[in-house]
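You will see two complexes here that share chain A, one where it goes with chain B and one where it goes with chain C.
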Partner chain A sequence: MTPPSQLNASAVADRLAEIVGDRHVLSRQSELLVYNSDGLPGYRRQPRLAVFPGTRDEAIAVVRLLADEGLPFVPRGAGTGLSGGALADDIIVVGLHRLKEIISLDIDNRRATVESGVVNLRLNKYVAPYGLLYAPDPSSEAACTIGGNVAENAGGPHCLKYGVTLNHVLAMTVVLPSGEVVDLGSKSGEHDGYDLRGAFIGSEGCFGLALEITVKLTPRPQTVRTLLADFMSVDEAARVTSAIIASGIVPAALEFMDGPTIRVVESSIYAAGYPKDAEAILLIELDGLEAGVSADLEVVRQVCVEGGARNVKVARDDAERTKLWQGRKKAFGAMGRLAPHLIVQDAVIPRTRLSDILETIHAISEKYGVVVCNVFHAGDGNLHPNIAYSADDPDESERVHSAMVEIMRACIDAGGSITGEHGVGLDKIGYMEAIFSETSLNAMCALRSVFDPDRRANPGKVVPVHSCREWNAVASARGAASVREPMPLAAEPARPSARSRNLESDLWEDR
Partner chain B sequence: MTRTEAVVTTVREGVAGRTPLRIAGRGNWLSAGRPVSAAKTLSLGDDSGVVSYVPGDLTLTVRAGSTLAEIERVTREHDQWLPLDPFGSDDGTIGATIATASAGPLATNFGLPRDLLLGLEFVNGLGEVVRGGGRVVKNVAGFDLSRLLTGSWGTLGVITEVTLRLYARPKVDRSFAVSLEGSEKSTTALLRTVAASQLAPFALELLNGAAARSLGLGDSAALLIRLGGNAPIVEVQLKALSQVARTEEVEQSTWTEFREIDRGAESVIRISTLPTRFLGTAASILADTQPRVVISINPRRGVMRLVTSGGGEQELMTTVDAGIPVSFPTDGQGAGTSVIFEKLPPEVWPVVSPSVVSDPLSRGIKNAYDPHNILNPGILGD
Partner chain C sequence: MPGCALPGTPLADALPGINACVHCGFCLQACPTYLNLEDENDSPRGRIFLMRSLLEGTVRPDDPSVQQHIDQCLGCRACEPVCPSGVPYGQLLEATRATLRESRPTPFLARLILFVFARAWLLRPAMFFSRLLAATPIPTLLSGVKGRLGFAMAMLASTGRSIERSRYNAIGRGERGRAATLRGCVMDGLFSATNRATERVLTVNGYAIVDAPGQQCCGALHAHAGDLENARKLARRNIAAFEKSGAEFIAVNAAGCGAIMKEYGHLLKDDPEWRERASALGSRVRDVSELLAAAGPRTGGALPIRVTYDAPCHLQHAQRVTDAPLSVLAAIPGLELVPLHDSDQCCGSAGIYNLIEPDTSDAVLAPKLANIRDTRAPWVATGNPGCLMQIGAGLIRADIPARSIHPVDLLDASYAAFGQ
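On to the complex of A and B.
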């Protein structure tokens, strides 16, 4: 692998331009600023170059050129990720957002084949007239790409019932970091041999680039009902969540917002009509055949009332339903009102532990004097505690950081995972050793080496380099200088840098 | 010594002596897959039991040697279930089910083993204990070793523990048969109506005469459907179905019998294709009088299963012929049709499917996880 210091950027840029055209290669520092962070603005890394192929063949040619030159690179979709996973530290960004063709739609078999850069919402608008939808719905769906979804194994509010990306991708055409093009999975849905498609999904850009993706489409449900239940205590709402899950009903979505979040949303342009004096609300959606939904609706209403809900309101029409959802989906954007910066976590806990973990989070926030807003996918136990703060205040930054580490520790101790849908990337790499043993991390490294023997694709992400046995062996064989640890890898996670951007933008919907 | 450590010891001994191991659960399915020459069998049949079960979380962690029957018993106490009903019997182990990615009729609604598995522990071919995934319902931490191991037939690691997603038992769970004794044209019309309907069955299978007969459903082809959920949802679906077909309620045990339909079979072949490809062809496939070939088609998943017994190559050819109407060209992963051989006479394997892991990525993974080729060597081919 060519160390970045020896990269003749301008010569490489010229050769990339021969493939994709001058307009689609960026090499000026000012132009590259846009690509120095993803949706998690606390992290910044300046890329050396960025290249944006416009066709599948161009993408393959770009990857082959990089392979020939031994150059590391970072794949990027729309850059809406929340793990720092798309950051390129002085290396090359390969952006796939220009690959945006919907290649084929098979209505009867409910399948679509799309290029990597197709945006979720666009695919959904395209298939809606046929009574179909693409189920994974990250809240960044207006901007994020299917290729990015594949890299992150993206979820969204409705994956509670419908499953995440890995349950909806049937087949992919992938270019490996070597430039070799392979087909993974089967458009029919089943195949024998190893589940290479399954291994690739969620590999965070470390195994190569998905160019074409065949996804399963889901029939639009006959009926959708959305309930808003409000509570005077967080604990009641948490217990009701657990009770709904335990009842066996699988809502299409079950979302939780606490008091601080409600009040921020209600004072923003995204006001959804949530009761401002409530300490928690649950947004519960049921869908399916009309007859079944009506029966479940009554059960859920009863569970809410018995659990202490003050009011349970059912959206009367699509307009009301859309408004209720808007408040939820734009909650992160609304938090821009509180402070210039925001940090968010993505831990998942067992659903019976919601109540006590929320209590713990509250205690931690008091201890460090920070305001934690909780807005999350309660039905899955997928927490998104977030803290609005000013990164320019070193003391506050320090307290926020300590609080976040402590919250993550509590979630891990409860038997949880460090990330449910945002990915490990750079942000959570320091926690990997807290949940996986050395042999497990090494097995992950070994898998990565099969897809990318030279570890050139998204280096330094997901699995700490120092825990990889084979890699270390290779490194010592090549001379230590050829392997760079991309960031300090202490037991604690990487610290967000103080340089961040303001968050109140449309991209800052909650993912 | 923990039970996982015992597996580690056995694998390490295998590595030291370069002695290949045949990995087995309760040994029910040893005739499936390509022949394995192994000096020793590593059986996990006794390594059973619940590791962790908090019913409110709807997740269950069990040792890999737990049988499906045991999981059924434990979860039923809390009115929950693991909706995974692979062909074979409930006497099979969950480890073997995951290792072979075996699914059954319920996959129509609940998905494949890969969709129900949340995490696992396994011992790789170096005798190292590895964990992938976790115990919560949503998890993207690290590369997806759970999917990688599912369907790897023990060749990458010996699965010792799994965590699964559970569901609440449906309030109502009923099954019905529809006899398809009419003309091919009327059967096709019925299938098209069902395909276009809002029906969301738990399971839906089309059976040829041989299959229907073995389940005591008469001599004609039949449609077998399972409707579950709350009472209104079952009622509304049953009503819709009854408007287009004459339904007869059958015992739930019909499904158990259906899953055991391969007992003593010589060959089991599964063809996975685009579901619509069966719409026009299913009626003629089912009507075909192949008394010794048991055929079932899952029109929702686009899967046809062909089972023959007591035949060798001749019988196999007959079986494959029966599938010709949908056997479109296949060229491995990525193609629109996959022919999956579950069980064949030993001498037939090298002819029809010498290997499904010969591509460079699969070879690389095998070499990384089991460099000495100790684990089930050859079961997926070389």
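On to the complex of A and C.
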């Protein structure tokens, strides 16, 4: 592999420009700045080059050139990720946002084939006239790409009932980091042999680039009803969440927003009419056949009222339903109103522990004097504590940082996991050893080697490199530098390895 | 931020607006330049990042690529309504352009245009000459010529293609209050028939028209180009003129002008003497469609034509006026409104952008023309002179059998048909 110091950036840029055209290769420092972060701008890494292929063939040619030169790279979709997964530290960004063709729509078999840069919401709008939808609906649906969704195995509010990206991708055409083009999965939905499609989805850009993706489309439900229940205590709302699931009803979505979040949203242009004095709301959506939904609606209403809901309101029409959802989906962006910087976590906990954990989070926020806004997929137990802060204030940054680490630890201690849908990326790599054994991490490394033996695709993400026994063995056999710094091009080359640091230092950047 | 690299500049003042951006990316798909140029440097999120970098000192104001990406912004503000954290993008852009002006010259053509528009004694003869030229067959003959000259000629040619209508006497009781109209520069020079139609339809709908002598160019072109000084100068003159008119409403039929006039308070926020007067005047500014919608508007005679509507960015995104123009069209019996796909997308006119950044402007216009062609409607209604000429010229050059027209002209024709 070519270390960055030896990379002749301008020669590589010229050759990339021969493939994609001058305009679609960036090599000036000032033009690469905007590619130094994704949806979590607390992390910044400056790429060396950025290249944006416009067709499938161009993308393959780019990857082959990089393979020939032994150059590492980072795939990028729309840059809306929330784990720093698309950051390239002095290496090459391969942006797939120009691959935005909807290649085919097969209404009879309810499937569509799209290029990886197609925006999630655009696909949904495209198939809506046929009574179909693409179910995974991350809150960034208006901006994020299907390719990015595949990389992160994206979820969204409606994944409670419908499942995540993995459950909706049938097949993919993938270019491996070696430049080899392979088809994974099957358009008919039946898999022969091992499910490599399943392994690829959620690989966070470490296994290669998905160029074409065939997705399953779902018929629009006959009836959709959305309820808004508001509570004067967080605890009541948490208990009602468990009670609804325990009732046997599977809502299409079950979302939780706490008081601070409600008030931020209500002060934004996406004000949805949530009661501003409430300490928590639940947004509950039921869908399916009219008869079943009506019966479920009454049960859910009853559970909410018995659990202490102050009001339970049912959206009258589509316009009101959309408004209620816009408030939820734009909540993350709306927090920009509170302070210039924002950090969001993505822990998953057993749903039954929701009430305790929210109490713990509250105690932690008081301890560190920070405001935590909780807005999350309650039905899945997928928490998203957000803290708005000013990174210019070192003391505040330190407190926010410590609070987040403590929150994550509490979630792990409660039997939870570190990511529900945002991916590990750079942000959570420091927690990997806290939840996986060395054996498990080695197994992940071994799997990665199947797709990318040279570790050139998105290096330094997901699995802490030093924890890969097998990789380290290979590295020393090759006479590579040291175990401590096994990959000169890893995302964090000049710093000490994650093991030698505590969790804190991995979480944070100095911005 | 610690250690601002450009202290005391308009950009440094705009820091709170920049800080509101959390980098969520929801603006990307709303941005015509991002969709066309496919580079985040040409997106709102990217440009805000560049603005922040200018303040941090990680890029310099004389960096040519920064200037290019800031110049390439249409200023359509389609990113504002989709921004959850309320970033005032239009203001940030103007502040950035004002700051960058210090370190590089404005292009000659832009300087010339802004110079003329700031001076009534130059503007009047310039418009007179344009009118004379428009009355000859020359613009039509030259409208097919490649490049900017041909496009400019097509723009002129498009101004002479309004709807035929008979004369009628506009009678009203003035019960809705006094309204002074902004005559405007381009509207007065090339769309004076629309200005007269505006007064007639307002009269019919219960507004008493009062004169506001001494009014000038609104200053929008100057503000968008970062020439805040001249924009403020013009704003002050307009505030004084409209105050003197005693009008309760300032009726504006050019979306771009209406947008800046509503924001005079922001433009003059640092001028203690004018700040409050500016805000007070801004609160009385209405797009003509808003005044008409508030009055119904009254139904006219039948106009059995097919019309599609294209929303001017500065009406839809900057002023957030979306339904009023549609209710104007709905008041015309027999008019069939054909939906226009992506009607909320910019047409690429953007003030003088189409003359300064022709390639991007053309790229943004192309899908607009294709969508108009798909409607098969012979009329495209839009309430802004820049959009009227941009779309009008595009239609002529692409040989699409449709014409652009101001909604007020259609309502006027309907009233004429009624024999008001």
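Observations on the model:
Note that the second predicted complex is superposed on the first by the 478 of 511 C-alpha atoms of A that agree within 3 Å, B and C clash if a C-alpha of one lies under 4 Å from a C-alpha of the other, contacts with A are read in each partner's own complex, and residues count from 1 in each chain.
Criterion: contacts are C-beta pairs under 8 Å (C-beta built on N, C-alpha and C of every residue); 3 or more make two chains touch, one makes a residue touch a chain.
In this text, all values refer to a predicted model and were calculated from it rather than measured experimentally.
Touch counts on chain A: comparing chain C and chain B, the chain ahead is B. Look at A:Glu421: by the touch rule set out above, it reaches chain B but stays clear of chain C. By the document's definition of touching, of the two partners only chain B reaches A:Thr352; chain C does not. In the superposition on chain A, contact of A:Thr80 is made with chain C only, not with chain B. Contact with neither chain B nor chain C is seen for A:Asp317 once the two complexes are overlaid on the shared chain. Common to the chain B and chain C contact sets on chain A is no residue at all.
By the touch criterion stated above, chain A contacts chain B in their complex at residues 106, 108-109, 111, 152-153, 155, 159, 163-164, 166-167, 171, 173, 180, 182-199, 201-203, 206, 219, 222, 242, 245-250, 288-292, 294-296, 348-352, 377, 380-382, 415-424, 428, 432, 435-437, 439-444, 446-451, 462-463. Every residue of chain A that touches chain C in the complex is listed here, in rising order: 23-24, 26, 28, 30-31, 33-35, 37-41, 52, 54, 78-80, 97-98, 119, 121-122, 140, 142-144, 268-270, 330-337, 339-342, 392. The touching residues of chain C, when paired with chain A in their complex, are 1-2, 19-29, 37-41, 43, 45-46, 49-50, 53, 58-59, 63, 65-66, 69, 81-87.
Chain contact summary for the complex, chain B toward chain A: residues 54-59, 79-80, 101, 111-112, 114-115, 124, 128-132, 134-148, 150-152, 156, 167-169, 198, 200, 229-233, 235-237, 270, 272-276, 279, 301-303, 332-338, 340-341, 356-357, 359-362, 364-365, 368-369, 380.
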